[in-house]
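Worksheet for the structure shown next.
Letters are used for the chains, namely A, B, C, D and E, taken in the order the chains are written, and counting of residues starts over at 1 for each.
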Amino acid sequence: MTAPLLEVKNLSVVFDTEGGTVHAVNDVSYTIEAGETLGIVGESGSGKSVHVLAMLGLIPRPPGRIVSGSVLFEGRDLLKLSEAELRNIRGGRIGFVFQDPMTSLNPVLTVERQLIEPLTRHEGLSRRKARERAVELLDLVGIPSADRRIGQYPHQFSGGMRQRVMIAIGLACSPKLLIADEATTALDVTVQAQVLDLVRDLKKRFGTTVIWITHDMGVVAGLADNVQVMYGGRIMERGPVRSIFKQPHSAYTWGLLRSLPHGETRLTKRLYQIPGQPPDLTEPPVGDPFAPRNPFATPRCFTETPPLRQIEGMAPGHQVAAWYDLPALLAAEQGTER
Amino acid sequence: MRSFFSALLRSKAGLFGWIILSIFVLAALLAPVLGLDSPVRGSLSARLDPPTWTGLFSPGPHPLGTDQLGRDILSRIIYGSRVTLAVAAAAVILGGIVGVGLGIVAGYFRGMTDRILMRLVDIQLAFPLMLLALLVVAALGPSLRNIIIVLALTSWIRYARIIRGQVLAVREREFVQSARAIGSGTLRIMFRHILPNVLTPALVVGTLELARVIIMDAALSFLGLGVPPPAPSWGRMLADGRTYLSTAWWIVTFPGLAIVLTVLSVNLVGDWLRDYFDPKQRGLK
Amino acid sequence: MIRYLLGKLAESAIAIWGVVTIVFFVTRILGDPSALLLPIGASPEEMARLQADLGLDQPLFLQYLSYLGNIATGDFGQSFQFGRPAMGVVLERMPATMELAFTALILGTLLGVVAGTIAALNRGRLAELVVMLFALLGQATPVFWLGIMLILFFAVDLRWLPTGGYGTPAHLVLPAFTLAVFVSASIARLLRSNLLDVLKEDYVRTARAKGLMPRVILVWHVGRNALIPVVTMIGIIMGELLGGSVVTETVFSWPGVGRLIIQAIETKDFPVIQAGVALIAFIFVVINFAIDLLYGLLDPRIRERR
Amino acid sequence: MTRPTSATSSADAPLVSVRDLTKHYGGGRGFLGASKFAVKAIDGISFDIAPGETLGLVGESGSGKSTTGRVVLQLESPTGGDVLFRGQSLVGLSPRQLKPFRREMQVVFQDPYAALNPRMTVGDFVAEPLIVHKLAKGSERADRTAELFRRVGLDPAFMKRYPHEFSGGQRQRVNIARAVAMEPSFIVADEPITALDVSIQAQIVNLFQDLQESLGIAYLFVAHDLSMVRYLCHRVAVMLRGRIVEMAPTEAIFTDARHPYTRALLSAIPVPDPDIEANRRHLAYDVDANPPAPDAALREVGPDHFLLA
Amino acid sequence: QEGEVTIALRVAVNTFDPHMTGTVGSDLSVLSHIYPALVLRGPDLKLQPSLATSWEMVDPTTWRFKLAEGTTYADGEKIDAEAVKWNLDRVRDPKVGARIAGWFSLVSEVNVIDPTTVEVKTSAPYPALADQLSMFLLLPPKWAETHNPATETLSGGPYAVEENVPGDRITLKANPDYWGDKPTFQTVNFRTIPETGSRIAALLAGEVDLITGIPTSEIARIDAADNASAGAVDSTRSMLIKFNHEKPPMDNLKFRQAVNYAIDKTGIADAIFDGKATVSQCQILSKDYFGYNPELEPYPYDPDKAAELFAESGVDLSQPIEIEVPVARYLQGEEVTQVIASELTSLGLNMKISEIEFGAFMKKQIEGRDLAQMAVQGLAWPTIDADGMLTMFSPGNVYDYWGNEAFGKLLDEGRETTDKDARQKIYAEATKLMCDEAASGFLYVQPETYGVSDDVTWQARGDDWVRAFDMKPKT
């Protein structure tokens, strides 16, 4: 096999705040192959956004600080690059799409200007050429009469259209890697569905590698090849999408999936809810961060941090950070209930 | 109270500002018991005596020198802090109360009320401030009270404008709607919900205004319309001493220094208060 | 758009009406000018005659009505002191005022923008401290003090520049700089805090994520947004400079409208006070009109709202 | 529809009735007589909510769902139509006249953080309705507040804290505690779970359900997430461009949707199952091309199933 | 820089019409370079012939002036008896509303005897007429028909206006057609520099040749500079504490005397004015006035005596006593007021200072007749004659608060006679009465301070005139 497109190794990020040091990302490692779509889900505040931003030097510093790790992209360690070198990669080889299209687009600049910026910057296109390309891009993301609308300002676009503009910006320089952080959270389901169709289409046409961060398990199910579940600044589980959904090995993943209504109605039963509160990242717990909320936690979970590894019976590529064997425990439980 | 001091100790700049400001305020309060020379009576024979720093341990009779009438400058600065700080604080607070009040009313009720109040602001803005101050002082005569009124008059619009803008945003916040939904009265909404959320910008405007007002008093004094004598105000000392700038530098330098230090400390304290009153900054757990 | 412009026009008219009304009534509290206009020893009869000549013996309300009526035709009356139309007297001095105000504003804005930017981009470093200390001193130093110091140094000791007066660009340097220090201090402070706010905005992160050069981000993405409140501030400062540079004008013997109005206040030359204040208000309103349009240029959302 | 007589079943009388409600923004008198462009945020909608019932309100964004909630609560006055609470019209009442109704009707907003006053302790915030309506004083008030905290599953020790010290789920609980403080019979919940992450959504939805069971509260539940709507609501109304295009019992909507927009909406719900997702096809509905006809009216097409046609 | 001189004015020139302004220090000083006057007052404060070569009082109410021959304005218009008559008629014409009309209210008739002789009749004896005419500048009558004298000028004197930058400066060029002696300087600049410090700076920077109105403490500093010197002379303005006899306790003679004893006039003159001021000799006239009484001695500074008198006066010293002073009007007037207040305070009085704006002060004084118990004030009379000056204390005058009938009678007598010696005696009596009665607090004669560049010499003078013809280039 060739080298992976992106290899994150032992990435840790902290924020120095008045209230103490927030350990936002703890020892995160994973790889992405070219063409793969990785879905990242997890608790709010579990470090999903921070770790991708940190890779490209986009966290505010201070208070942010990368304590350790390396991020190899096409063989180069992004964390060791100078700001100038990073600038050449950002928006060029790696495209970003942020969550809120209203605040992520500059309200006082035309869509055209914001769209051609990466093109003139990275591809060295002339303004005229860049504009042509920008119109194509808008066309591509499905904005009707792109030629006319490109001269408008973000506030003249609807939410869904703005988000498409964001995606067009992310894709402008045909990046190898597209990182989308909650790119559809602000959209209603019908618009979200259109955006997702668009991304699928792009993947097919350009073979783009995608990191898709979201809360919506449904979106992940429809888009991702692999899923990575984060909690308390750590990766709890990662693996092929089917395997994660069908047979989660982490109690947290299992809890997440269980809290979703599966077409049942109120009359049938109460929704499952994960007990307890998310961890305080200024004093990260020893051991498995999820242990205090985990009904299956073993004593070891409270003392020793489990590594991300493949355990017996798992689908290929499926890894979990747990000291317990969830499917076995579940089976046992079902057995007793019967 | 404990959290107040611990918060203070955490910020060096804030601490510095508080200390300087406290020194001035304390000096102002304690002026009569400090055993100072009279700030208003001088001796003609001691006219324009330079500072006597014969050494820290044997200070001469006039550590900061005397002015053109032989009055002790140290004493005038300390007594002057009473006048200057009182005038400035009164003007800023008066302007603040009026400005914040009207800003909240305008922003909350919007519509006609807002339009009328904002036209008032326009009128006042279009009226050159310095000239307004001069006209009013000239018309009413320079007295401590009139100076305060004039300074407050030039000050309220800044609060009103800024607070109104903030209120327009805050009133759309959902907690305001929620307050309406539980049946809270207008006054309650304005004072319990909106006011605390616009207090920080008001505080910031206040600190800026305090500096401006002190300087404005100096400018009015320069034109002969400041705080009337014999009350020693810093601005007045500075203005009266200006003709002696090249023969007796100490007459203006020390009151000038007092102004700079006060403005500096007020700014630092203002910044600190903004953080202190922001619960987000306070109890980061 | 037309509706917007007409509305603005009406507002401006109201503001100017308010100003001329206030100035009318406040000047009347100033008292009777006849004692000042006549040489010492003038008899009460002479004073009464002068009052009648000046129309000050009429009931206040009638005076006000005829005043409004005259203003509507552009007539601010004869100056008591100068013996010719008050507006003419004021207009004569306007070029000097405008020259000083605009130079100081431009210089001060440039200084303030540079200082504010340096401070914001060097958060927590020495450069920020130095710049902010400078801004603080600019705020806390009375203009007359700075002015006199500059005169003593540059005009008396070094003899590089004239001590005061009006005419050549050399005359403009010191007064403009003195005012500019004051202007730049407020602009630097405001810009710095705006920049810090804007730097936290999501769209700045987007711009960084595009790999744009820092210069481009600063000028196009941060600068434009941070400048919007500064523009309002400039409007207010302009108002202050037009009428409020009295002190600078005095120190530098600059023959501006501010000093003229002060002189008119001292001698109770009502028509000149009224004409002067009204003219300044008018210019202020016009400038703010322009600033409103500039707003639209800077921020398309505002353009839209009209 | 036959009106139930009060003697037999007062329980079946609607708690809230909305009749031909419209709300237009902007508009007003234009300059020189030119009429300004008006946003018809809601454009003639009618529905009833029975005591203890949950009506779900879904639809595209900007279709007027939040506006409906605000107008029903009289936080804004409608342009036309009527809102009846227990048969009494609320429209045109002064704030003073509305005050007794405020005890009965409450609201929970989407963003739990924005809905909390950042400068107030959450204890004061939750206790505020008790003060405004003079329901309790002194230690009794503190006790009642603590009780409310417990009811929504929060530690009463948190009462002295400020909103920023809480997680999203806890904040939403605080909002709910405030809403139930006066034991209302009706709550408008405007996307109360959209801003929360999945694991917390379940907590809040369960809480809503518990409260309904114990206090008999009726909800107008606005949401994007149709699977939650399906879980929580008795009936569902689908809004499009300020109109209700379809309204039916929940199961009827999910199994027997008649309006093409409803179908498009349903088809777009992401399903947390890769197998299903892999073979999904989304139905498109171009609202611009097919806006709800201005002259259309709701018609009953099935038992309690209404369709705009 | 030969042939050019620059003079700093304290206030700007407002109008070019010499009949619409009585301000000597700016308007009239500048205009006196342009328009002729019948007589001029020299730096020694004596009258000199100018347009009028001689003049005499024919009888107590008739004056006759003999004019120089061949005198013209720059456009050739004659400056003859007709022109003088026209000017005197103009200034008295109520329709013109001349501000200085009051100076000539006693003039009843002006007759042209021949082209170079003009006769002025007054309705009552007016011994100071010639002095008054030294401030009266003559406009060209024909020219004035078609021009606005407020904004335009036509030279009839040694200089003509070359450039006028309103509020900033006026440049005068020598008038080549001037009928009199050639002026010393080719160019005269008047610059307006209101701020004292800036005026001094301009002198030291070599930008101006003459400044006036500087604090006496700066004289030494200017002297020390290598390009200028400074000095002071007595002005014609006496500083005094005006008592409001209508308000207690100022009606109490002992109290008034006590105040006079309580003030250290010499101390003020020496300390505040660096010895450049002269203590008033218990009268409001200075040496230059006609009618000055050389016999009087100032009240000595004697706080003990003052305390005694205060006690004897029976006045309740705890009552507040207000002392007013007009703002920025008199040289270091506010400082002097503070010294006075502090000296009186140290004797147990309850003093309160009010600085008020001059216009308000005048209004209070004349119309309101409501001066505070004391007011620091300076008085000068342009004709430098006891008649005008003392009249301000005679009953019936708008300025008077004293109401002393005997004093009023003396002044009436003085006005009715034209015999110099007789007048002198009457005024000696009047001034003595004022002194004995302590009619006011007598302070000092305000010094007229000035600074001159080393390029020129200037004959310092005590009235306000600043004129290039009093200056000469230094050789």
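Observations
Heads up, the rule we're going with is that a contact is a pair of C-beta atoms (placed from the backbone, for glycine too) under 8 Å apart; a residue touches a chain by one contact, two chains touch by 3 or more.
Values in this document were obtained by computation on a predicted structure and should not be read as measured data.
Number of steps on the shortest path from chain B to chain D, with steps defined by chain touch: 1. Looking at A-D alongside B-E, one finds more C-beta pairs in contact between the chains of A-D.
Separating the centre of chain C from that of chain E, both taken as means of CA atoms, is a distance of 38 Å. Annotation: 87 Å between the Cα-based centres of chain D and chain E. Chain B and chain C, compared by their mean Cα positions, are separated by 22 Å. For chain B, residues touching at least two other chains, in rising order: 138, 242, 245-246, 283, 285. Listing the residues of chain D that touch chain A in their complex gives 60-62, 167-168, 170, 196-203, 205-206, 209, 224-228, 230-232, 250-251, 264-265, 267-278, 280, 282, 284-285. Only residues 38, 40-42, 44-45, 47-48, 68-70, 138, 141-142, 224-225, 228-230, 240, 242-247 of chain B touch chain E when the two sit together in their complex.
Residues of chain B that touch chain C in their complex: 119-120, 122-123, 125-132, 134-136, 138-140, 208, 211-212, 214-215, 218-219, 222-223, 235, 238-239, 242, 245-246, 252, 256, 259-260, 262-264, 267.
The residues of chain E lying in touch with chain C in their complex are 11-12, 14-15, 17, 20-22, 94, 97, 99-103, 105, 148, 150-151, 165-169, 191-195, 197-198, 201-202, 204-207, 357-360, 362-363, 366-367, 379-382, 388, 391-392, 398-399. Chain B meets chain D in the complex at residues 173-175, 177-186, 188, 192-193, 196-197, 199, 279-280, 283, 285.
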